[in-house]
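Residue numbering begins at 1 within each chain, and the chains themselves are lettered A, B and C in the order written.
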């Protein structure tokens, strides 16, 4: 059989060839779309790349009136808010998934599963409004003063307490991301074969130790779940922009207002008229792509190190 | 019964503590959901009645409803599912069944990056490619924008779930003489069905809550839709319009519409889970 | 669910969508129009569309608020039949449009200063330079001497002022900063008038609703919002000293007075800023909102429908303005808007 036909279908089966072609076609379609997007973003941001060059990444200024643009404040806001979201959400999601799969009786696991997934169905504008009217005042009155009292010696928890800022943004992202991570981890854990659990138990492991074995087994899947959640956190606009304060500033304190890449693009894109302004916003979009890229790469690297020695299912 | 050694007792207490912690996590999550739901219900219950569900929007002070928005959201969701879910599952199959190699890794990476795009960027992209070409807004463009947001979520969860299907299942089917495609479609996919459905449900929940991409593609409308080639109303855009207005009456309608949206998603979730349930565990 | 059943279901769904999607566009006598743009006049425009629709059942108009900039971009791209913008288009934007665009003012609005302070009985009074310095970050405490000077009998706390501004680009920000640039040379030089200025201090709220929400929830805040948001949410509205030296309330009549006072200096194309207007009762932070249409309509039927709707709007439509807290156009401006509408043609023939 000729070479390309063998490549297409190792078994020589015609149905196989069609199938592989179709799957490849779908993947190439999506790749093409992503590539077109990146190319479009790159080509429309040449103006600001030429004008600002590398200093775009290190400048904190964002002044549409004077025509001075820089991305550093937004990169900081995006990374820190996503980090806070993951720090809160990953342990929480893992806990939920473990409880639902390993511990809860079937009768209550089912309805609770639906309830947690329901969190993903709330529109982001509703999250934003709930954030302003319920979460921000709650944090301002009950949580942030306590944090300031206990941790006020670190630069992370200093400054005026308004309820609107990086911490609130991170918390609301955490709530939005938890249903995604917990749902996927739940399925990953459920797919780990019972033989693994039984083997651990037979060796005298406690319930928790058995769970650890299951977690390590499902580590790549868990990483995939975290990356999905991370993508949501990085790209979220409406809910975050309503509670984060939208100030392009970098300050160590989590109580201070901040600004994320996705928020500034959503807030200013439709109204931007000057060419350099538009170009800078599009360059921010390109940087957002790059940030997602880099963070995903780091996550994948960490998972690879953890699972390097262990065998799969 | 043997007396437990000290280390055994320590391990057991750790196990007990962790079990309680996971239960606590679940309680926190469900608690937050109820807090949010209670708030939405409190603010929206006054606007919820049968007329609200079938009427079209009216100016402030005249009541009105979200009937056309419910139909519009349903149509947009259907359209995006028809386009997005098959392509997403196909990508997932490609990533998991076609082996390693640099190309597959590159494709996986690009799809991962797609998950992080703000929905407004997707919306503007579809606007530039479809709406500007057609010179008008349409439900069709809105469906495509939502499908683009769905695809990476469905693709990645499908891939992860297919990878978790034990190799023995595949080998058994192959040993019986089934061709590769039959094995994938007839054995592997059904085995991973629950997880794939989770991915699809997450994607549906995600896009049903999106506003920004629809504003530039499906636009919005006060009327019941006639066809997919025209602007169409949707629950999220209607919620957005009402929520950013100054009027309490419209605010109440926004919150009530949110309840309707969540009920819609919950029903879809329940129905799909029921249809794809494993008959033999 | 088995594979074949699923496949059949999928085919059924796809077929039904395809057939629905390609069905023809309704009855031939129906005219569908789309408009997009400013969020500020949206409630009034929705009222107009509904009332106009009652009298003209075959004309179905949709308006979607996507922001003033969005309105300008969409009308330039010809994806909508009319656009709407709070800020008039700049010369550069007009030049970049494919054909000549006309500005038709529809209604007036006010940007008000609102705040959240405990124990203040009467609305506070502000001088223009005080407002500018608060937003510049120069006046930082509520009990500053300059605020006290205008509010002798108010019990102002010794708290920090928390400034709230708009996060995103907005026509409201443009009107407010346009006013500040006129009354404060420092503001003009440091920040300027823009839809998305680089605010020296303060936190950003998303939309009028976001700013209102933050002010309502957080004590000692001050911010600027459209009038309706302050009154509907029962927030206090400050009195501002106008160009004639009077502290005026933000009432609908005072806003119309500002427009009337500027009528003489309003150019022919009706693109004008009426902040800090002359007139004893003029409210200083007022502005028009415009509908944007092409002077030459490519589709005569649609063009006639747009023209008829606009004519109805600036006459019958104005009667609905006050109830929704918009200020109707003064009579002189209505006359000039009429001239503009009468000049709209299609294929050389006027449509009215």
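The rule is simple: a residue touches a chain if its C-beta (ideal position, glycine included) is under 8 Å from a C-beta of that chain, and two chains touch if they have at least 3 such contacts.
Note that the structure is a prediction, hence the values are computed from the model and not measured.
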Task: Path length in steps (a step moves to a chain that is touched) from chain A to chain B - done: 1
TODO: Work out the mean Cα position per chain and let me know which chain is farthest from chain A.
DONE: C
Open item on the list: Just the chain pair, please, that has the highest number of C-beta contacts.
Closed with: A-B
- [ ] Compute the distance, rounded to whole Å, between the mean C-alpha positions of chain A and chain B.
- [x] 16
TODO: Quick one: report the Å distance separating chain A from chain C, using the average Cα coordinate of each chain.
DONE: 35
TODO: Return the residues of chain A touching two or more other chains; collapse runs of consecutive numbers into ranges.
DONE: 129, 133, 238, 266
Task: Residues of chain C touching at least two other chains - done: 66, 70, 209
Task: chain B residues counted as touching two or more neighbouring chains - done: 86, 185, 243
Open item on the list: If we count contacts the way the header does, which residues on chain B are in touch with chain C in the complex?
Closed with: 57-62, 75, 78-79, 82, 86, 131-132, 135-137, 139-140, 185-186, 190, 215-216, 219-223, 226-231, 237, 241, 243-248, 250, 275-276
Task: chain B partner contacts - residues on chain C that touch it in the complex - done: 1, 3, 10, 13-14, 17, 20-26, 32, 34, 36, 39, 42-43, 46-47, 49-51, 60, 62, 64-66, 70, 77-79, 207-209, 212, 226, 228-229, 231-233, 323-324
- [ ] Under the touch definition given earlier, write down the residues of chain C that touch chain A in their complex.
- [x] 66-70, 73, 90, 92-93, 160, 162, 167-170, 191-192, 194-199, 202-206, 209-210, 213-214, 217-218
TODO: Using the touch rule from the top, collect the residues of chain A that touch chain C in their complex.
DONE: 61-66, 128-129, 132-133, 136-137, 140, 160, 162-165, 238, 241-242, 245-247, 257, 259, 263, 266-268, 270-273
Task: Touch list for chain B against partner chain A, complex - done: 11-12, 14-15, 18-19, 21-26, 28-30, 32-33, 35-36, 39-40, 86-87, 90-91, 93-95, 97-98, 106-107, 109-121, 124-125, 128, 148, 151-153, 155-157, 159-161, 163-167, 179-182, 184-185, 192, 194-195, 198-199, 201-202, 205-206, 208-212, 235-236, 239-240, 243, 254-255, 258, 261-262, 265-266, 269-270
